[in-house]
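Multiple structures follow.
First subunit A sits with subunit B, and in the next complex the same chain sits with subunit C.
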Partner chain A sequence: MYLMADILINVILAFLTGSLLLGFHRKVMARIQLRPGPPIIQYLLHSLKFFFKETSFPKTASMPFYIGIVVILAGIWVTGIIVGPVTKGSLMIIFGIYAIHKIVEHNSGSSSGSPYGKLSCVRAVFSAAGELPLFAGIAIIYFVCGSMNISDIIAYQSIHGALIFKAPFAALMFFTLILTKSPYSPFAITKGKDIVSGFETEHYGFLRGYIMFSESIAWYVLLWLFLTIFFGPIGILGYVVGMIIITAITAFINATTPMLNPNHSVMLQFTITLVCLIGSIVLLVL
Partner chain B sequence: MEIFYLIYVLAFIVGSIGGLLLSYKKHMEPFIISEIDVLYLVLSIIGWILFINHSLFAGLIPVFVPITIGLLLIGLVIGARPGYGRKESIIGILIAGIIYLLKFLLF
Partner chain C sequence: MNKIKTTSYVLLIVSVLAILYALIFCPADWIVYAIAIVCIPFFVLSFGLLTMSKPKKDEEEERREEPFIGY
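Up next is the complex of A and B:
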């Protein structure tokens, strides 16, 4: 009973906080580009607005998939909340959630029948390279802590200090993943503006609302994971300040960096992973 | 504990939406008036003092009350139409910060 209440509270909290952070992300990007930018709550208002807008369905859409896929997207990130902040479970499940997220991007694009969606669907396969830093990072964390459970990693850090000092390259790899997931990211090839909005292009009304709901939760979960895994038990103030700082850093990078083309994006992610993996192994051996 | 965090976030969001509606009602002109708004300034100072110095009220009222009211008022000012509420927020943070430091140094 309490677990259900805990999950519900955490999901609502993640949605609201994630939305505010994404609104802040947009605001910082706008200020860097010398625009006033929308209010911080704009992302949240947009998300809520889409739930009440008329929903139209393309004739070319493969209906069960077209609708079901956004529900799956919301479902996997709610699972992310359950595995992360609620139960502090295994990082391997988080890796699985991220892998399913890629499949959702792929299927969401292909099920709409739109050429933009289909291009995004192909790019989603490429962008699975974004999982390489996550997997390599998790492997390094396992070698350092001897466990993949978030609760064990927190316990390890409360004794041995923050992991960011012991495994800085793993933190860099995880940060690359966060950067990949951020809006207007140089690595966001599935939502590149050359293909309008990628896999989201043909999703309107409440379907887009579900996608935005999931994206806010995903942003919150990734930031929570990064802060928990690399900074340990930091308290509510640490989480708030940390989330705001990371959002501002990603906004700065995204505002000043063009979107890479798919080949460059994949190769850069691969190079970062390789360099950081070798660096991490050297640090572990030393 | 998360229920209190949810209340804080909701208070900030309600404040922000209220601030946005209030500022658009107050300022419909197509340009920004850069003068300091006294109402926003008062709300900002009270809000930031309640938020940062909530420990001053410990023992009198539950600690989540001043934080919630503070965030609501902070949201009202920060959530104003783009271009408004910035200077007022900075003055509010400075005054609340000075009070926090004074409290820290004196007690």
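Up next is the complex of A and C:
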């Protein structure tokens, strides 16, 4: 009973917390741009509201793939909850989840039959570079801690102190990933406004609400992972404060930075990864 | 009752029963993981398919065509 209850509670908690944080993200961005912005709860209300909105399926959509891909998105982030907060399992599975997330972006765009979706689908292949910082970060964490299990990494930090001081470049690489996944990010080329809403353009009505449900869980899992991996056992208050601070920082960066074009986005992510990887190796050797 | 509605009801009932089974009978861990990964998304999907508002009959074709005008 406890395991299933644990999973259900964590999924609901992730959805509510992630939604509020994304609402907060939008609020901070609006305030920086001298706009009042919507209430913080608006993202959550939108997610729920879309479940009751009129939904029709485009004639050129590839059914049932058009719907199935949204279910897969939710499935991978429920897996993220199980591997992360519930069982504190392996970071390699988290890497796999991000790889599948990229495939979901790709296929969600192509399944709709919309040209905007198809452009986003192509950009999703480009933006696979976004996974490079995560993979390099995980490799560095393994060299420092000797394990990829989140429970082992927490145990390591309770003895040796927070990992952010031992592997700051790995933390920077992970933060780049967080920035990539945040709304209106300079790296968010798959959802660039030049292609309307990218792969989400033709997923409207309850399917959009469903995607927002998954994205709020994804945001929570990302922040939880960053705080757990680099700050160790910090308690509930630590997580709340940490998540709010990281969300505010990403909102500030996104509000003041234009969206990069696909080539620049990929090259910048690649450069950050390379510099941080070399920096991490130098720190490890010293 | 149309095909989507019937399928949604079946999915909803099956996913709720599977989640309740995992909650009450505590099967092996891997079974609980499988139920959670498959049934939670299907529960939300079937719930959404049932709660979504459908276009009026005479507007349905227009809605399905609308996003692609101009291409």
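Throughout what follows, the second predicted complex is superposed on the first by the 286 of 286 C-alpha atoms of A that agree within 3 Å, B and C clash if a C-alpha of one lies under 4 Å from a C-alpha of the other, contacts with A are read in each partner's own complex, and residues count from 1 in each chain.
As a convention for this text, a residue touches a chain if its C-beta (ideal position, glycine included) is under 8 Å from a C-beta of that chain, and two chains touch if they have at least 3 such contacts.
Source: prediction; values computed, not measured.
**Student:** Put subunit B and subunit C onto subunit A via the superposition and say whether they clash or fit.
**Tutor:** Aligned on subunit A, subunit B and subunit C fit with no clash.
**Student:** With both complexes superposed on chain A, which partner does A:202 reach: first (subunit B), second (subunit C), both or neither?
**Tutor:** After superposing on A, A:202 lies in contact with subunit C but is clear of subunit B.
**Student:** Go through the superposed model and pick first if A:168 touches only subunit B, second if only subunit C, both, or neither.
**Tutor:** Touch status of A:168: no partner.
**Student:** Could you look at A:96 and tell me whether it touches subunit B, subunit C, both or neither (first, second, both, neither)?
**Tutor:** Once the two structures are laid over each other on A, A:96 reaches no partner at all.
**Student:** Should A:60 be classified as contacting the first partner (subunit B), the second (subunit C), both, or neither?
**Tutor:** Touch partner of A:60: subunit C, not subunit B.
**Student:** Check the residue A:7 against both partner chains and state whether it touches subunit B (first), subunit C (second), both, or neither.
**Tutor:** second
**Student:** Applying the touch criterion given at the start, work out whether A:238 contacts subunit B, subunit C, both or neither, answering first, second, both or neither.
**Tutor:** Neither partner.
**Student:** What's your read, subunit B or subunit C touching more residues of subunit A?
**Tutor:** The larger set of subunit A residues in touch belongs to C.
**Student:** Which of the two partners, first being subunit B and second being subunit C, lies in contact with A:79: first, second, both, or neither?
**Tutor:** In the superposition, A:79 touches subunit C alone.
**Student:** When the shared chain A is used to line up the two structures, what angle, as a multiple of 10 degrees, is there at the CA centre of subunit A toward subunit B and subunit C?
**Tutor:** Given the fit on chain A C-alpha atoms, the answer is 90 degrees.
**Student:** If we overlay the two complexes on their shared chain A, which of subunit B and subunit C does A:51 touch? Say first, second, both or neither.
**Tutor:** Second partner only.
**Student:** How many Å separate the nearest C-alpha atoms of subunit B and subunit C in the overlaid structures?
**Tutor:** 15
**Student:** Where on subunit A does subunit B make contact in their complex?
**Tutor:** Going by the criterion above, the answer is residues 6, 9-10, 12-13, 16-17, 20, 36-41, 44-45, 236.
**Student:** Under the touch definition given earlier, write down the residues of subunit A that touch subunit C in their complex.
**Tutor:** Residue positions touching the partner: 1-5, 7-8, 11, 51-60, 67, 70-72, 74-75, 78-79, 82, 113-115, 201-202, 205-207, 209-210, 213.
**Student:** Could you please specify the touching residues of subunit C with respect to subunit A in the complex?
**Tutor:** 19, 22-24, 26, 29, 32-33, 35-38, 40-42, 44-45, 47-49, 51-55, 60, 63-65, 67-68, 71
**Student:** Please output the residues of subunit B touching subunit A within their complex, sorted ascending.
**Tutor:** Result: residues 2-3, 5-6, 9-10, 12-13, 16-17, 20, 78-83 of subunit B touch subunit A.
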